[in-house]
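Just passing along the structure, written as C-alpha cells.
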C-alpha cells in the first residue's frame, strides 16, 4: 500500500546526518531490547511491518525510529488482545504475572543466533522467469503489505537472480503462510528516473513473482 | 491472536498517538514497566540484551568476515556463493543473516545498500544500524541520487564507476565487501579487520585507509 | 517532484473530519488575510506552491494548513531577500516603514474580484491531441514543480477537453513564462487502482501536453 | 527576487521549522507584526479582508448561481459553456474563478471535487474551504475510494451511479451543480438558493432537501 513507509525517491528530506550514532538516547536501546524479547502471540514479521505502515503519516515521518517501534509494539499487542489500551497508557498490568527467568548475556546471544530464520520454502509451481529475462513490474499500487516500492512500479528490468520460493509478505501480513518465487531484478537508473545522475547506474530489488510480468 | 486488519491497527495507532505522552522516554518506560509487571521479561534480561549488542555484536564481526574473504580464496568463494552459510564459520549467524548476500566493490563498480520500505539490516553481523541508515532522508535519496548521498559521506565517485544500489525489499540482506586497499600485502586477518569500517560494509565509504585506523 | 504534497491515493490517513469548520482558530483567518494582502516581489503561483512542497514532509503532514502558509510566506520572503530570518523569528522589522493606506472592506472586495487572473495564453504550436484521443501519461516522476500526480503516472486515459494553452507550472516555478496545451484527461478507476471501488468510476485530471504521449 | 532554487527554499523551511515557536498563533503574530512594522499592510486592512470573507464572500454566492441555473435555461447553458464568464453576471468573479467549470450531477452520475496536490478551491464563489477539504485524508482518499469518502459524509451511492472525481491539478476550478430536488416546482430563485449547500457544490452531499433548510 501507498503508506508513509514507501520512501524511495521521495523528496524534501534534506541532508543526511552522516555522523549520527546508532542511538542518541538510552530509551532507544531499551526499546530495541523490548521489541526483540517480547512479542505478542501469532505475530508475523509481515504483520509487524504492515502495522508500522498504518501509523499516521505525519507521525511516521517525524518521530525517531524506535519511538515508532514502541508505538507499534503497543498497537500490535492491543490488537491481539494481549495488553489493553489502558495498560499501555498507565504502564501497569491489570493482573501481575510471575517474573520469568532472567536471560543472561549468553542466553541473549544464543537467542540472537537462533534468529537466523529462513524464509525460503519449496513450492510446486516452477518459476515463471529465468535469470536474464526482461520483466515489467505491476504499474498500479498494490493493496496491503506489498514490497514493490512505488518508484519501481511499471518499470522494465532484468532478472539477475532467482532465490527459489520465499514466504510472500502480502499473505504473511494476513497471517497466511504462502510462498512465491523470489527474484533479484536489476533496473537501469535511467528507466526509473528521468533526471537520473548516471544512466549506467543500477538499482536492484528483490521482487516476488506476482509483482512481475514478461516484457 | 492478531486481527490482521489494516483499519483496526491503524485506528489503534491513532488512539495511541493521541493519548500517549509526547516524550518517547516516558512511552518506553511505560511499556517496560507493563511487560515486567505482566511477567513477560525481567529488567535484567533487557539489560543483558543491551549488553550483548554493545559488547559482542557489532561491525567488528562483519570486518572479520571481510578480512577473511580478502585473505582466504576458498572462504571468499564460499562467501560469494552463500554468505548466510559462510558466516556460520564464525558463529555470526543470527538476526537477519540467513539470506545474506555479499556484493563486492571493484575498480569499476560501487555497491550501496538501503532499505527504502523499512530499515532492514544484517544486525547480527554489523550490530545496530546508525541513525542515518534508518532516516527518511537516506531511505528516500539512496535509490534516486546515490552519488549525491555518497558525496555527503565524503565519497566522490568518478563517472566511469557504476553505482549498484541494493534495496533490500525482501528477506535478503546485503553485505558490501570493500576493495582491499593497496599496501596491505602480508597483513594478518586481524590487521586487515581493523581497517574495515561499518560504513564500508554498507557502501557509504569506499576507499579504506592503507594502514590500521 | 515526489514531495509530501502528492497525496492522491496515499493511505493511513484515517477518517475525514466531515464536520470541521473553515477555521478553528483566529490566527488561521489572519494568516489567510496576510497571504492574500502581502507578497514578496516576483512571486509566481507556481513558485509559491513549489516552495510548500519543499517543507519537511513530517511537518507538511502534521501541521494545520495555514501554519504551512505562514511558514511558506516567511520562507519565500527570506529567499527573495525581502525579509531576513532574524526579522521573521523576532517579529520585528530592522527598518520600520511608513504605514500604507488601509484597505476598506470595499477595497478588499475590489482586490478580490481582480484576482480572477487568466492563465490561458496563445502559442504557435498546434495541439498534439484532440478530444477523444487515447493517451498515456509519463511513467516516471518528473523533477521540479510537476502537476502530474504520482497516482496517474504511466496510465492510459482519454482526452475529454482541450483548454488551449495555459502557463506551465514546471516553468512558472522557475520564474519562466512558458505555456503548453492543457487537456482534461479522464481515467477509468480500474486503470489507476487494482482494488478500485467501481470500475466504471472516473477520475479526471487537467494535464499539460508534456505529460502526455499517444497510446 | 525569488531564487527559484528548490534546495535553497527547502533549507530555509527547515531552519524556520527548527527556530520558530511551535505555537502557530505566535508564528502568525510574528509575521503580522513584522509586515505591519515594515509598512506593507495595516492591521485594519487585515481585519477588513477577514470581514470580507466572513460577511460577503461565502457559499451563498455559489448557491445563487446554482439556483439561477435551475431556473433560467439560458443562464444554465452559459454556465455549462463558460462558468467563469457566467458568474460575472453576479459580480462573483475573483480568486480562482477565471477558469471555472460547472459539472452537473444527473440521476446516473455524481461529481466530486478534490485537489490532491494542494487545496485549490473556487474561493470567490464558495468562500473559505472547510478544513476537511484541505486535509490530507480527503486529498488522499477522494481519488482512490470516493464511495467510502461519500459514505463518511452520509451519502450512500447506488452501484449504478457513476462517480466522476475532478482532481483540479491545473488552474481550472470545479463547481458541482447538484440536481434540483423534486417538489421545488415554482420556487423563486431565492427559495432555491436557500437549499443549496456548500458540500453539495463540492460533491460531498448529493440529495438536497425538498424544502428550505
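By letter and in written order, the chains are A, B, C and D; residue numbering begins at 1 in each of them.
Rule of thumb we're sticking to: a contact is a pair of C-beta atoms (placed from the backbone, for glycine too) under 8 Å apart; a residue touches a chain by one contact, two chains touch by 3 or more.
Keep in mind that this is a model prediction, so the values were computed, not measured.
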Target chain D, source chain B, minimum contact steps: 2
Option reproducing the contacts of A-B, where over half of them reappear, out of A-D, B-C or C-D: C-D
Intercentroid distance (Cα basis), chain D paired with chain C, Å: 14
Chain A-chain C separation of Cα centroids, rounded to whole Å: 33
Computed distance of Cα centres, chain D from chain A, in Å: 39
Chain B: positions in contact with at least two other chains: 10, 14, 136
Per-residue overlap in chain C, given as positions that touch at least 2 other chains: 1, 9-14, 54-59, 61, 151, 192-193
Touching pairs among all chains present in the structure: A-B, A-C, A-D, B-C, C-D
Complex contact set, residues of chain A against chain B: 1, 5-11, 13-18, 20-27, 29-34, 36-38, 40-44, 47, 49-52, 54-56, 59, 61, 63-67, 70-76, 78-81, 83, 85, 87-93, 95-105, 107-109, 112-120, 144, 147-149, 151, 163, 166-167, 169, 173-175, 182, 184, 186, 189, 192-193, 196-198, 200-208
Parts of chain A lying in touch with chain D, wherever the complex brings them together: 12, 14, 57-58
Residue ranges of chain A touching chain C (in the complex, touch as defined): 1-4, 9-14, 53-62, 138-143, 150-151, 153-155, 192-195
Residues on chain D engaged by chain C in the complex (per definition of touch): 1-6, 8-10, 12-17, 19-20, 24-25, 27-42, 44-46, 48-57, 84, 91, 93-99, 116-119, 124, 127-132, 134-141, 143-149, 152-154, 159, 162-172, 204
Parts of chain B lying in touch with chain C, wherever the complex brings them together: 10-11, 14, 136
